[in-house]
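These are the structures, in C-alpha cells.
Across the two complexes that follow, chain A remains constant while its partner is chain B and subsequently chain C.
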Partner chain A sequence: MVGEVKKLISIQDLLKNVLKDNVISIEQNKGYLDVLVPTEKLVESAKKLKDSGFDHVKSVTAIDYIAKKQFKITYHISSYLNEELSKYIIGLSTIINRDNPHLPSLSRIWVSAEFQEREVYEFFGITFDDHPDLRLLLLTPVIAALKPLRKDYVVKEESDDIEVDYVAYNTNKWW
Partner chain B sequence: MESSTSGSVVPHLPGMEVSELSKNTYEVYIGPAHPGSGHMRIIVEVDGDIMVRVDPDIGFVHRTMEKLAEGRDWIKNIPLFERMAILDACNITLPYVEAVEKLLGTEPPERARYLRTLLCEINRIASHLYGMGIFGVFLGHSTLYMWAFGDREVFIDLAEQMSGARLTHSYPVFGGVRRDIPDDFPEGARKATRYMRNRLNEYAKIFLNNPNIRSRLENVGVMSKNLATELGIVGPNLRASGVRYDVRLNEPYEAYGELEFEIPVFEEGDSLARAWARVEEIRQSLNIIDKVVDWLEKHPRENFMHEKFWKTAPKLYKDVYTGQIDYAGKYRVKLMPLFASLKVPPGKAFARVEAGRGEMVYYVESDGKDVPYRVRVVSPSFRNVIAFKYLMPGHRLMDLPAIYGSFDYFPPEWDR
Partner chain C sequence: MSKNEEKGNGEEKGRFFIGDLDTAAEMAKNALLKGTIGKMVDWANAFSLWPVHLMTSCCGCEIGAAWGPRFDNERYGSLPWVSPRQTNLIIVEGTVTKKMACSVRITWDQMPYPKFAIAMGACSLDGGIFYNSYNIVRPWQVIPIDVYIPGCPPRPEAVSRAIVELQKLLRNKSIAANWIKEAKREDMKNIIPKEDLCGWRGEKVDLNTRFT
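Showing the complex of A and B:
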C-alpha cells in the first residue's frame, strides 16, 4: 500500500515537472489521473506529454455539463513502449464553453485520436480546429444535426417521428 | 501516379463536351452489404490495381449505445453493452462492471474473480476462432471456416454450461458473477482444452503453413512497431508488430495477477504474424483455462457474490444460485433485489481489460442517480479501424481482404 502511494506521488511529480505551470489541477480519479489544462495550452501540453513517452490516445471523451454550460473534453492517454508509464492512464482534460464549442485538434500530435475526434464532432457538434479530416464518421447528417449525445437531446420512445433537418440533408453529400 | 491530360487547351467541338481529367484513378466501393462479416464499407481509390487512398466508412450498424446507456438503470446496461460483440460478451461488459465496482467500492470475492477469468478466456478463444473462420472466408479457404466455426461450438457449449446462455451471458454483475459452475464442468473443460490443442496443430498444417495462404499473407500489410504505436492499434494486432502490451500483463485485473501465462509477441508485423498471434493466444488461453479450473476445483464453492448484494436475496434465490436446486427446474429466479434500486455514488471511473480483439475501455461518470451520467465506450475494433486508412495504401487491391481479415475487424463492435 505504501509503495502504491509512493508511485502515485511520483507520477504526479512527473506530470508537474513536464507540464509545469500549464496545469490547473491534478485530480486522482478511480482508474486514471485527471489533468486539467486551459484550452489555449492544450496543444503545448500534449506535445510535452508525447515527448515524455505517452504515445497513444485510448479514448476521446466529451461530457456535457449542461447546468454549468460547459463541455469537458478528456483525452485518456497512456504508453505502449514505456512499460512503467503503461501502468498509468492520464486524462488530459480541458473545459470549453457550450456556445460555439471548439478546441484545437490533437490529431496531428496523436494520430490515434483522429477518428475519435471525428466521433465527438458529430455527436456533440464540437469543432476541432486544424483537424486533418473533420467529417462525419458514424452518423448521417440528419441525425448529426441533432447533436444526439448532448444532454438537451432527449431520446423519444418512437424514433419514427424524428424531425428531419432537410437543409442539412440536402447540403451535405454523405452517401 | 497522376497522369493528367491538362497542359494543352481543351478543344471545343460542336455537340461535344470534354472535361478535364485530373486523376487517372477509380473509386471502388466495397460494401456495405457484408464484405465478410458485418456491415461496413471501404471506399478505395485505385490507380490500376494499386490502392491510393482508403477511407473506411463505418456506422452502418450504429445503435447509439452511449446515449441509450444514459437512460437505463445501471444493471440494465450490462445486457445492452453485450450487444456490441455477442461472441465476446464477458470481455466486453467486464470493464463496465469493473468501473461501476470502483465507484461503488465493492470488491468481488476471490472465487468470482476466477470465474470471470474463466469465462473471459473461453470467450477469447471463441472470438479468435470466429475471427479466423471469417479470415478463411476472405481468402477463399472454406475449410478453415468450417473447422473454426465447428470448434468454436465447443467453447460456446462450455460458456453455456457456466452461464446458461450460449452467447449473451450477462455473467459478470456488480460485486461478483451470476452463478457458479456446475459440478461436472472441470471435466468437460479439460476435455475441451485437450481437443483444441490437437486441433491447433491441424490449423497450422491446413492454413498457416499452407503455401497458398502464406503467399497471400507473408509481407502483406506490414505494420512496424512505431506505426502500430502511433496509430494506437490494440490486441493481437499490436503484439504481432512487436509491442509487448497486454492489459492482463500491464495492469492485471481479476485473477490474472495470480496466474502464470505468456504473452505471444511477434516481430514481423505482417498479416501472417497477426494470424499466428491469434493461434498462439488460443494456446495460452487453453493453459489459463486449465489452471483456473484446477483452482476452482480445489477451493470450496462459496462466495461468488459480494456480501452487500448477496444478503438481499431470498432463500429460494440463494438455493438456486448455489446449485442446490436444479437451474432448469420449475423455479425461476431474478437478479439480486438490490440491483433494481442501485444508486451509484458520484464519481468518475476508468477501466480497461484485454478483450478478444484488444483493449476495451470504459469511462463511467455518475452523479449519484440510478442511471449513469455519461458512459464512454471505446471498443478494440474502433481503435483498429484507423489502420485501414494508413496501412492499406500502396498495396494491391487483392491484398485488401488479406489485410482486412487479418485485423479481425468486427463492425457491430466498433459501431456500438
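Showing the complex of A and C:
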C-alpha cells in the first residue's frame, strides 16, 4: 500500500514536470489522479501527455454543476504500451461555462475519444469544436434536443392509467 | 370468372377461362379453413412456433438457455430462426428503446400471417427498472402481445410455460386459421403507427419489398 502511494506521488511529479504551468490543481484520491487544466491549454497539455506515454482515452464524461453554472469535462486517459503508466487511470479535466458550452476536441490527438465525445454531445448538448464527425450516436433527434443528462431536465411522471398514456402518445410527437 | 370477362377485350371472347388464379385460390382457402382443416392449421401452428432471432435486451440470455440442451424448448416443436420471413413468433426480450422499437415493428411487418408475440420480463410489462424513463416504450405499444412473462429476468422454465400457454390459446380459440383468412389482426388498432416509430430515421421504409 505504501509502495503504491509512493508510485502515485512519482506519477504526480511526472505530470507536474510534463505540464508545468498548465496545471491549476491536482486532486488525488484512492489511486486516482485528476489534473485540472484551463480550457485554452487543454489541447497543448493533451499533446504533452501523449508524448509522455498516455496513448488512449478510456472515457469522456461531463459533470453538471448547476449551482456554479459550470460543466466539468473529464478525459480518463491511460496507457497500453508503457507498463508503469498502464496501472493507473489519470483524469484530465477542464471547466467550461454552462451557457453556450463548447471546448476544443481531442479526437485528433486521441482517436479513441471520437465516439465518446459524440455521446457527451448528445446527452449534455456540449459542442466540440473541430470534431471530425459530430452527429447523433445513440438518441433520436427529439430526445437529444431535451439534453437528458443535464440536471435541469425533469422526466414527466407517467400515469398508471393505460388509457391516459394512449392519449399522451397519440397527441405528442413522442420519439 | 366475371373479373376476367371484364378485363378481356373482344378478341378473347370465344375462349374459355378457368378463372383468375389468385381469386380462385382465395376462395378455396376461405372454404377450406372453415372446417376440420382450419383446426388442423391451428394444431400445426401450435407445434411449429418459430421465434425470430431478435434480442432487444438482457432477457436474451435466458432465451439462449431456454432453447439450449438443459431446458430444451425444441421439444415443443419450436426452433429459433434467423430470418423474419420464415418465422411466426416474436419474443420481445425485455426493454425496448425508442430507436429499437422501429426495428421490432419492421421485423413484425415482415413476418407472414399467422403471427404471434410474447413479451418477456418486467420491462415489457410496465417498464421495470426503466420505469418513467425518457427513452423507452412498452412492447404493447409497438406490436400486439399474446402472452406476457413476468420476472426480472424470467427463468427458462417460464419461457417454456409461455410457449405452452400460447399453444393452448391457439388450439382453444382457433385463432391461427382466422388470421390466415383475414391476413390481419384486429388488435393492431391501439398501436403507435409505423410513421411515428420510424420517424427519426428520416427516410422512407418500404416494407413491401420482397427478398427473392
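Rule of thumb we're sticking to: the second predicted complex is superposed on the first by the 155 of 175 C-alpha atoms of A that agree within 3 Å, B and C clash if a C-alpha of one lies under 4 Å from a C-alpha of the other, contacts with A are read in each partner's own complex, and residues count from 1 in each chain.
As a working rule, a residue touches a chain if its C-beta (ideal position, glycine included) is under 8 Å from a C-beta of that chain, and two chains touch if they have at least 3 such contacts.
What you see is a predicted model; the values in this text were computed from it and never measured.
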Identify the partner contact of A:Gly53: answer first if only chain B is touched, second if only chain C is, both if each is, neither if none is. neither
Can you tell me whether chain B or chain C touches more residues on chain A? B
Which of chain B and chain C A:Lys30 touches, first, second, both or neither: first
Which holds for A:Pro141: it touches chain B only (first), chain C only (second), both, or neither? second
For A:Ile89 in the superposed arrangement: first (chain B), second (chain C), both or neither? first
Kindly classify A:Val111 by the partners it touches after superposition: chain B alone (first), chain C alone (second), both, or neither? first
Using the superposition on chain A described above, determine whether A:Val155 touches chain B (first), chain C (second), both, or neither. both
On chain A, the footprints of chain B and chain C overlap at residues 138-139, 148, 155
Residues on chain C engaged by chain A in the complex (per definition of touch): 98-99, 127, 131-135, 141, 190, 192, 196-197, 199-200
State the interface residues of chain B toward chain A in the complex, per the touch definition above. 58-59, 62, 64, 66-68, 71, 99, 102-103, 225, 228-232, 238, 243-245, 250-251, 347-352, 359, 361, 363, 365, 373-374, 376, 378, 382-383, 385-386, 390, 415
List of chain A residues in touch with chain B within their complex: 29-32, 34, 55-59, 61, 63-64, 74, 76, 80-81, 83, 86-87, 89, 91, 110-112, 114-116, 123, 137-139, 148-149, 153, 155
Touching chain C in the complex, chain A uses residues 138-143, 146, 148, 155, 157-158, 166, 169, 173-175
